[in-house]
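Look at the two complexes coming up: chain A is in both, with chain B in one and chain C in the other.
This part shows the complex of A and B:
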């Protein structure tokens, strides 16, 4: 049974996700960050579907479990393509988008193959296990790719403020999630204190994106530290 | 051709790094599933 705090956090998360799409449409950057918006829109749809099934069949029902894990896999794939679209934007001026797309397909195929090798021993519900494993593996791929993108942004001295804020918030989201997951695994006794931490972290990503899209103009540039010092 | 091979190599490095990280984080795997939670209650895994 869900408590009031669970409902509030879930509602807020869905509201923030919808806010990202609305802010993108209002600021006319929906097409520019299409895959990020697609992820947010899919997440809102998944929330609505989960809510309906939760109300109709209950949390422990097979229907809810199937819908949750299959929709989760689709969401993680959308997030993966959103991350790749950020790579494309960062590498835009180097004219290597072809290679970024090629690398993304190779990595996705490699992850699918790796997930398959893990689950191909289990004969029952192999597709479901594959979907579950794939979404978990893609999550960690996203984590590593985000750190790599941070490095690329630093190396290339990227100055587009909105792009930097989107990547940084994604990095903070992945880091906080992985850290809290590691702590809950290492110290299971702390898990009862951290039960609201995962959904709260899930709320913060759309909130940060909505704020960045609403407040930071697309043409805004970050002043590099060396230029800032020189101009004083 | 060599550029494409470099991309394949980088992709495999990312894959190996991510799976290594997953193994390290889930070594004592009795916690919840790592999923991009959007606030919805997580059901028990299959």
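This part shows the complex of A and C:
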């Protein structure tokens, strides 16, 4: 059964995810950031689905675990495409979108192949292992790609404030997730506490995106070099 | 071993992204000029000092919360705590770090003053709406 903390976290996360889509529609940037909104819409659907199964079958049921990991894999692929769409926006003026898309598909296929080779040894529930491994690897790839994108933004002196805030909040999200996964691998005894941390981290991204879309006008400009940690 | 490497890389990236994200929030407010009223209340004229932050945050708590800025105020609060930690540890050894943390703390206080200004005008609007109704 769900405890009060689970209820609060679940409600807030779903509310914030829906808020991103509503803010995008109100600010008329839904199509411009289509893949980010697609990710948020998918997250809302996944949250509702998880909740229904949780209430019906319980947290320890096989149905819930299967649904959780499969939906997680689909969501992280969606977010990966969201990240690639941010790359496309940054490289918009260089006319290299086709190469970005090609590179993204190759990287996704490479990650899937790498995950498959890792789980290939275990014959039992191979598909489930594959889905879990793929999600983990895509989170780390996401972190590396976001870091590279931040480097590109600094190098190309990208000044669109909204884009910069979307990328930075994605960076915080990916790195927090990757660090938490690493901690739970290093200290499995902490997993019972980490179970609460994952949904809390999950709330941060939609909250930061909703804030950025609502508060930062599309024409607002910022000097990214001033934001880098090394600068003063 | 692999998990340790991932943890170190992720933690370093998290710190860097978090600082840059907070600075992007602060940058948006640094260009805003404070009204005479807020200047009087906070004692901040053009530049704020890090020591003003706590006082401005207390004033901020007195105003009705705006849902839009809750996230950013909390993020800057966390950033200010991080800066205080750096100031009392690393900055004791590196003087340049001390100047940097002082400047950042002052900008956090200015951000809080801008948030206070927004909350005051939000409260006024709410009051006006109630009077009209």
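One rule holds in what follows: the second predicted complex is superposed on the first by the 203 of 232 C-alpha atoms of A that agree within 3 Å, B and C clash if a C-alpha of one lies under 4 Å from a C-alpha of the other, contacts with A are read in each partner's own complex, and residues count from 1 in each chain.
To be clear about the criterion, a contact is a pair of C-beta atoms (placed from the backbone, for glycine too) under 8 Å apart; a residue touches a chain by one contact, two chains touch by 3 or more.
The shown structure was predicted, so the numbers you read here are calculated from the model rather than taken from an experiment.
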{"item": "Partner chain in contact with A:91 - chain B first, chain C second, else both or neither", "value": "neither"}
{"item": "Partner chain(s) touched by A:220 [first = chain B, second = chain C, both, neither]", "value": "second"}
{"item": "First (chain B), second (chain C), both or neither touched by A:81", "value": "neither"}
{"item": "Residue contacts with chain A in the superposition, chain B compared against chain C", "value": "B"}
{"item": "First, second, both or neither for A:148, with chain B first and chain C second", "value": "first"}
{"item": "Which superposed partner A:169 touches (first chain B, second chain C, both, neither)", "value": "second"}
{"item": "Chain B versus chain C as contact partner of A:182, first or second or both or neither", "value": "both"}
{"item": "Which superposed partner A:116 touches (first chain B, second chain C, both, neither)", "value": "neither"}
{"item": "First, second, both or neither for A:106, with chain B first and chain C second", "value": "first"}
{"item": "Which superposed partner A:35 touches (first chain B, second chain C, both, neither)", "value": "neither"}
{"item": "On chain A, positions contacted by chain B and by chain C", "value": "140, 143, 178, 181-182, 185-186"}
{"item": "Contact set on chain A toward chain B in their complex", "value": "2, 6, 9-14, 17, 43, 46-47, 50-51, 54, 59-60, 64-65, 68-69, 72, 75-76, 79, 99, 102-103, 106-107, 110-111, 114, 125, 128-129, 132, 135-137, 139-141, 143-145, 148, 177-178, 181-182, 184-186, 188, 191, 198-199, 201-203"}
{"item": "Contact footprint of chain A on chain B as seen in their complex", "value": "3-4, 7-8, 10-12, 14-15, 17-19, 21-22, 25-46"}
{"item": "Of chain C, residues touching chain A in the complex", "value": "3-4, 6-7, 9-11, 13-21, 23-25, 27-28, 68-69, 71-72, 100, 103"}
{"item": "Residues of chain A defined as touching chain C within the complex", "value": "140, 143, 146-147, 150, 161, 164-165, 168-169, 171-172, 174-176, 178-179, 181-183, 185-186, 207-208, 211, 214-216, 220, 222-223, 226-229, 232"}
